[in-house]
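The structure appears below as structure tokens.
In order of appearance the chains are A, B, C, D and E, and numbering begins at 1 in each one.
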Amino acid sequence: MVKKIFSWLISPLGWISLLILALIVFSGIIWGINLTQITPEQPIEFPHDRHISFGIQCLYCHQGASRGPVAGLPTQTKCWGCHQQLGITKTSVLLKPLVQAIEKNEPIQWIPVATVPDFVKFNHRPHIAASLNCEACHGDLSKLTIYENPQILNMGWCLDCHVEKAGDDYEKLVKLTDCGTCHY
Amino acid sequence: MAENISLLALFSDLEPAADAIDKLRDLGVAEEQMNVISGVPLNEAMLGRKEQESNVPKLAFAGAITGFLVGSFLAFVTPYWYPVPIQVGRQAIIPGPPTIIVLFEMTMLFLLLATFLGVFLDSFFPYYRPLKYVPEISDGKIAIFFSCPENQKDTMINSMTILGAEKVEVAEAKQL
Amino acid sequence: MAFKNHIEETHGEQHLRQKHLMLDPKPRGEMNAMVMEAMHTTTWKFWVVVALLSAVVLFGLFWSWGILIAEGMGVAGVNRPSYWGIFLVNTVFWIGISHAGTFISAILRVFKAEFRRPFTRAAELMTTFGLIQAGFSIFMHMGRVWRMYWLMPYPNQRLLWPNFHSPLTWDLLAITTYLLSSTMYLYLPLIPDLAMARDRTKGGWQKIFYRVLALGFRGTEGEWKHLRSAMNIFAWAIIPIMFSVHTIVSWDFAVATRPGWNSTIFGPYFIIGALHSGMGAVIMVLAVVRGTMKNMKYFIRPEHFEAIGKLMLIISMGWAYFFFNDFIVQWYGGDKWTQTLLHYHESGPLGYLWFFMLFVNIVIPWSVLWNKRWRSTPWIVFIVGLLINVGMWIERYIIIPISLTINRSPFTWKLYQPGIEIPLGIGTVALFILLYLAASKLIPLIPVWEVQEGQMAHSLKKYGRESVVTVSELE
Amino acid sequence: MKKKISRRDFLKLAGASAATGAALTGCGPSSRFVVREPYTQMPEYALIGESTFYATTCRECAAGCGLIVRTFQGRAIKVEGNKNNPVNLGKTCARGQATLQGLYNPDRVTDPLNQGRRKTLGTDGMNWDDAIKVVSDALANTDPAGIGFLLGMAPDHLFDLVSDLTAGIGAPAPVRYGALSAFEARATLVKAAENVLGQSGLPFFDLANAELTFSFGANFLETWLSPVAYTRGFSKMRKQGKRGYLVQFEPRMSQTGAKADEWIPVRPGTEGMVALALGKLIAESKKQTVPRAFVNVDVKAVAKESDVDEEKLHYLADLFADADRALAIPGGAALGQSNGLGTAEAVLALDALANNFGQPGGVFLSPAAPTEDNVHRPASLQEMAVFINKMNTGEIKTLLIHGVNPVFELPKSLGFEAALKNVPLVISFSTFPDETAILSDYIFPDHHGLESWGYQRVATGTSQSTLSGAQPVVSPFYNTQSTADVLLAASAIAGGKLASVLPFKDEVEYIQAQLIPLIENKDANFNAGEINSFSAYFQQFGGWWTNEAALLAPTQNTLNETLSVESPTYEGEGDFFLVPFVSPVLGEAGANKPSLQEVPDPTTTVMWNSWVEINPETAHEFGIKSGDIIKIVSNVGVIETSAYLYPAIRPDTIAIPFGQGHKAYGRYAAGRGVNPFDLLGLKFNAAGDIAFAGMKVQIIKTGKKFELARMESEIGVYGEGLGEE
Amino acid sequence: MKPIDLNIIGAKGAIAEEAEGKWGMAIDEDLCTGCQACVAACAMENNISFVGEEDAAYGRTMHWIRIERFWEGEYPDVRTTSFQPMLCQQCGHAPCEPVCPVFATVHSQADELNLQVYNRCVGTRYCGNNCPYQVRAFNWRDYERPEPLNNQLNPDVTVRQRGVMEKCTFCIQRIHQAEDTAKSEGRELQDGEFDPACAQACPADAIVFGRVDDPDSKVSQLSRQKRGVKHLEDLATLPRITYLKES
């Protein structure tokens, strides 16, 4: 029995089968990792594209970005400020959670997407101050409903941009690649 | 030209085996058509055969050079991989003495890996298809494999038997 | 008169043949059969031992390790200032054990010490299995073992490579190199014996096992040539590797800015210490193999214990020399912290360990091994070997956790008390023995072809009335 | 600038804030799927992603330090000192730092409870309407004479409110108490000030400008009166032109003693005699005629009784006589003796001799409180004994307790716990499930200090007249209600006289009403024309204080009257003097904060437990080793705890810290350590303070062992296990 | 800023002449009353776990700063040595750095600080061994911080996982924040504009923090005093903290 399996394994068919098996396992792992990266479901299927098409600036809602570390999420009263004037608010299925949240005075439970781990101390302000616009990192939101990360926010991606922005300024490069700039 | 067959002569001692090789040579079997298989390492000189070539030392040397290069890469290149090389304890980015350790270890590792690999390459290991072999060899017998034209088969068998071969037969490739 | 003389001579020859394996040749087939029989003769006792050890490995090693990983280092005894504890003691200990294999199979091979032949494999197995335990111990020691791969050099998006300033990185390189090369060095001379086993196995999974491992080896002139040429390179090249490994391990301590550690003599001191424990371990293994396995009384004879015993005595003297060398330098010129540390070694709460270490590492070997008959007796050398191993383990215990108690910041001094390290340490011992037991049933423990080669090379030659052993240079 | 915000509005403003803290996950990237909740209605002054800072007052002790609390997304993150507050000028002590662990303590009383005097914290929740009804009924249906209010040490708005209430309905005035006031012997100090300085009030010692300071038992760097203020003073004293010199007279080296340049281990209870002897010698050294105050002293006898060499006394007297600005401070254990009042007077007489009354580096009287202050000090233990007696006789029908944990903070021998059984209705307003709260009928939990409004008069510690202000920094975390609101609501429901006494809508309105008189005073840290702006400034600055120093200079000089300090009498039989002291880290109520439990004691570095300090020589004599559990037996009680071989304590003295030994009070406090109050008898000094340092006890080795958790290394610090050198 | 040292054979000879660093502290032992306010403040600011009595007794406290005191003399002339706050000295030539195999503790060239990168740490604890000041704290376990105590966690500081080394950062989050604020307001950072948690809390003003490369800063002036010493100076670790001894 064992012998049979062995002789089958050393045959070309066996090698190929082994290879395929390895591939399946490997892609399974990759898929598992990928699962952790997909965009989560939000309480409200927020259409960024529509809001942008009305000419609303990013900073109108995410106003912390120009000032400090966190861009922040708008309070529902801010949403309500416009939406209470719109007829569609009452009728739209999409907006039901918002109406409910306002009625019950309960916060909307957003799930952050553009996140970095706890050990990365990201600060929006210097990035905005360095005249990066939102699209540079968050992509073109006028084409998206629910926000999705345009790329994996990993250290290599951060570092690439930091090196690029530092250019020939050695002192700036030192500051921008210092471990303590992001990790503490 | 007549078809060649492969014969196997099994000897239990070194002397007859050496004699048999001489005899075979006399009978016109070319040196490269003979092959001696034994359970203990025998010198070529013991059997009066010319020395075998081995690529193992050359490969080992090549491995050592590769290892040195790999070590150099690790020691001299990787510290500069990060945009601004990371400083630790005011030591130089490429510290002297530790570099020697890295170079040494990598050289040795690749030297030995290449040596090991060299045995595999030179001996065509691993090989799991049928081979001409008799298990008695590992009991200390010395086997001479040689090929001769089919019409000389009986001559060969006779002369081998005279020289003290325990067994002379047509060699068959078997699953080991 | 002449008749009597003749009798005496033959008696002398017989005695020599009885004494020396190399002069007591047996047909190869018979030797093969003996080795195969030793491999296949398994009593119920063996399985009891295996079951016990497996239980110890499962609970002592893997279960405890699981707890250690899940709970964190807190379940171990490490604290401030003893950041390193028994894990590192075990690492150094096992690396030390592993040195004996290389010493016997490489250095003795290079210097053509013929008594090595029957037990080179037994010693090499110790190298590989010991290094595996050392690796385990190191990984246990890491606070976040699941990030272990960061120690390896590989390209990554962070653009970060290991820090080659760190002795631990050197350690990693050296131990990897050593583990790989000693495994290869174990495997190469094993191939002909695996082929032998393959030929003598009729079927079943063993047949496939041996066929796969024997790689299709037949024993052609070319194969032997390549094998021997490779083994020659290995024997020479692995010696500096072995030295580098334990020296680098010693540098983990010696490069640190700590009283008692910062010593230039640590390199050779650690190497001799490694050999000390390694030889002790080899002799223990041989005594056990001879005592428990079938047909082994033919292969392993008192002459081997005698020879290793002699080596042990010399190594013990060497160890004493280096110990004293380290001690006097620190004692004489040491700053106040070193002075305190030395004082603490001797008269601290664990001061008895220090004296015990000196007793079993120096007094015992010196007073026992000088006697030829004693050192030829397996059970005596077994006990000596065991004591030396205990002593050497204590030596590392003194160097690591006890020395770590004393630093330049007396406000933090705290004695180390082992926790989960103990089951884990016992687990590594059990795993080592288990691997060895498994190996003894799976691969020929005696390198038959090497023994036969040696027997071919040895003969008795008469000089006048005396029969003298001669060796012809076959290699 | 802030408008007047009523507290209820504030709750809505701060809103249901972020749950970001819920899943902070360490070094793994697993903080990925976290729910993030924005404010429902963002406070107008809050900015997304930016911290908001609130000024408030520290409630960990009664000193009244100003705090600035950093809040982020509705969570209090960090406590920092208020740089403007004249008490602490931006500094804090360890207890103040850990106050957040009280706020977010996992063992708070979360809802109003019908506790029913169970052994453990009840689970019988109520709603607040019922709770207020209970209080209302209690107030309305009890004969006013039978209502007893027991409040914490701090002279705060609640005390004012309750005082108004009780005065209005003819009930007895509320009693304030805290263990700290017993350990400070505040009553004695106040009484001595009255006798010697001619005015009632807490003396203020200008440590900052003193060139030489003799401190008789005053542990001003740890817990005494206003530790942060005195630590600042100490720092200035050391930094001034000529480095200030500090001599500490005490039997057991306190943290203050450790910082002193000289530590004089006097026999407990003889500090006053030493002071008198020094007075005589100083006068002699100054070549003055010895004032009548000191003439009766027999220096030799004092030297013998106090165990201080005559030579040393002469040396110290010369030191004092030669100093330009000499200061003597009485306090702490020196006053907690049968002769404590005499001691305090004798030490203040030294100040009189140094002629430093009202001088820089001298003695002052603390500034008058900015608002009316009826009873300026907490009750002495004798007054507490009277109170407990009233409980026992059934005179008190309803007992309302807030801000104090008398079961823990009173000596066991006073029998408070037993007396509670004789009170038909006990209502606790405790934030935490402390020993007293669980023995109450009801617990109506107050907000934590950081969640509540208020003000607090600063009794001492600053030269300015100060009213420290408090405001909520976060919305209440649990279903708690301000006690002031509960009382106001209860009064309103009860109607009648009760309602008319306190015609206020809520706590904030009451506070504002109290602040109105301050608007007049323009010489203060801020000015405002009307109460709403005033109130806003008051919260913004964290209080109100005068710009100018408002210290009062004492006038009376008592040196012409003969002073005498009788020999101390001790209670109990035993070979050892017992010196209990307040743990400098835990104070009286810090034991439920885990990070504070893990802050090492300054002198012994012990964490998480109690210990008894014994001189190593004595320990050696008794065969006691470090970590041995020792039984300490007094004539009223027995406790067992581990020995700490303390090199700086008299061989005839043992010392035990107060602060541990809780039986309730949350998971971090309960069942940990011992309470030295279990050992104290009922001896009072002339001012009514307990003679807590006047006990004699026996020690017995138990043979058990428990190694204390110490920060220090016994090997490195004491050479333990290093063998014979 | 100096360009990188390209010296292949890493010489250490020149360290004594190295620059004095950027951030530093002066701690006046004459003023330190040992009140432990800094210890508590540090724990609150930096999310430092409490470990419980058993682990605390076994030398596993996680404090980044501790107050050391020893005893001198025999009773009755016994006294403590001056209280000495001991925290990471942010060595210019730190023994802990080179021994880390994964660059988890490195020298920041931008801030001249000794950094501990928690997320890079694999927990070999070599740095802890090699620190002569013994100021590194290891996360022996995932110490429990029961609800709702976690509400107090400072979002500016990483919460550390078990198996990770940590140590004083000179409150680098405050440094960054102050620098960022100054930059956003287009001005230079002022001396004394911000303090680390310990210095901020210290009631006796014993801890002074600032730029040591600015000769006019308060910390530089204090450090120049005659009674200033560096702890374990003979190890040439270039500590950035100057202790002002009792005079």
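As a working rule, contacts are C-beta pairs under 8 Å (C-beta built on N, C-alpha and C of every residue); 3 or more make two chains touch, one makes a residue touch a chain.
Keep in mind the model is a prediction, meaning the values are calculated, not measured.
Enquirer: Which chains are in contact with both chain A and chain C?
Expert: Shared contacts of chain A and chain C: B, D, E.
Enquirer: Based on which chains touch which, give the shortest step count from chain C to chain E.
Expert: The fewest steps needed to get from chain C to chain E is 1.
Enquirer: Could you tell me which chain lies farthest from chain E when each chain's centre is the average position of its Cα atoms?
Expert: Result for the farthest chain: B.
Enquirer: Grab the C-alpha centre of each chain and report whichever is closest to the global C-alpha centre.
Expert: Smallest centre-to-centre distance to the global C-alpha mean: chain E.
Enquirer: So which one's got more C-beta contacts, B-C or A-B?
Expert: Of B-C and A-B, it is B-C that has more C-beta pairs in contact.
Enquirer: From the centre of chain C, which other chain's Cα mean sits the farthest off?
Expert: Farthest by centroid: D.
Enquirer: Can you compute the centre-to-centre distance for chain C and chain D, using the mean CA position of each chain? Integer Å is fine.
Expert: So the centre of chain C lies 66 Å away from the centre of chain D.
Enquirer: Just give me the whole-number Å value for how far the CA centre of chain B lies from that of chain D.
Expert: Roughly 89 Å separates the two chain centres.
Enquirer: Chain B to chain E: how many Å between their CA centres?
Expert: 62
Enquirer: So how far apart, in whole Å, are chain A and chain E when each is placed at the average of its C-alpha atoms?
Expert: That gives a centre separation of 35 Å.
Enquirer: So which bits of chain B are touching at least two other chains?
Expert: 82-84, 86, 88-89, 91, 95, 99, 128
Enquirer: Would you mind listing the residues of chain D that make contact with two or more other chains?
Expert: 24-28, 711-713, 717
Enquirer: Two or more other chains touching the same residue: where does that happen in chain E?
Expert: 59, 61, 66, 68, 70, 95, 98, 100, 103, 106, 109, 118-121, 142, 158-159, 161-162, 164
Enquirer: Would you mind giving me the full set of chain pairs in touch?
Expert: The list of touching pairs comes to A-B, A-C, A-D, A-E, B-C, B-E, C-D, C-E, D-E.
Enquirer: Provide the residue numbers of chain B that touch chain E in the complex, in ascending order.
Expert: Going by the criterion above, the answer is residues 84-97, 99.
Enquirer: Can you check the complex and tell me which residues of chain A touch chain B?
Expert: 10, 159, 162-163, 166, 173-174, 177-179
Enquirer: What residues on chain D touch chain A, complex-wise?
Expert: 15-16, 24-42, 47-50
Enquirer: Going by the contact rule set out above, which residues of chain B touch chain A in the complex?
Expert: Per the touch definition, chain B meets chain A at residues 82-84, 86, 128.
Enquirer: For chain C, which residues count as touching chain A in their complex?
Expert: The touching residues are 156-159, 203-205, 207-208, 212.
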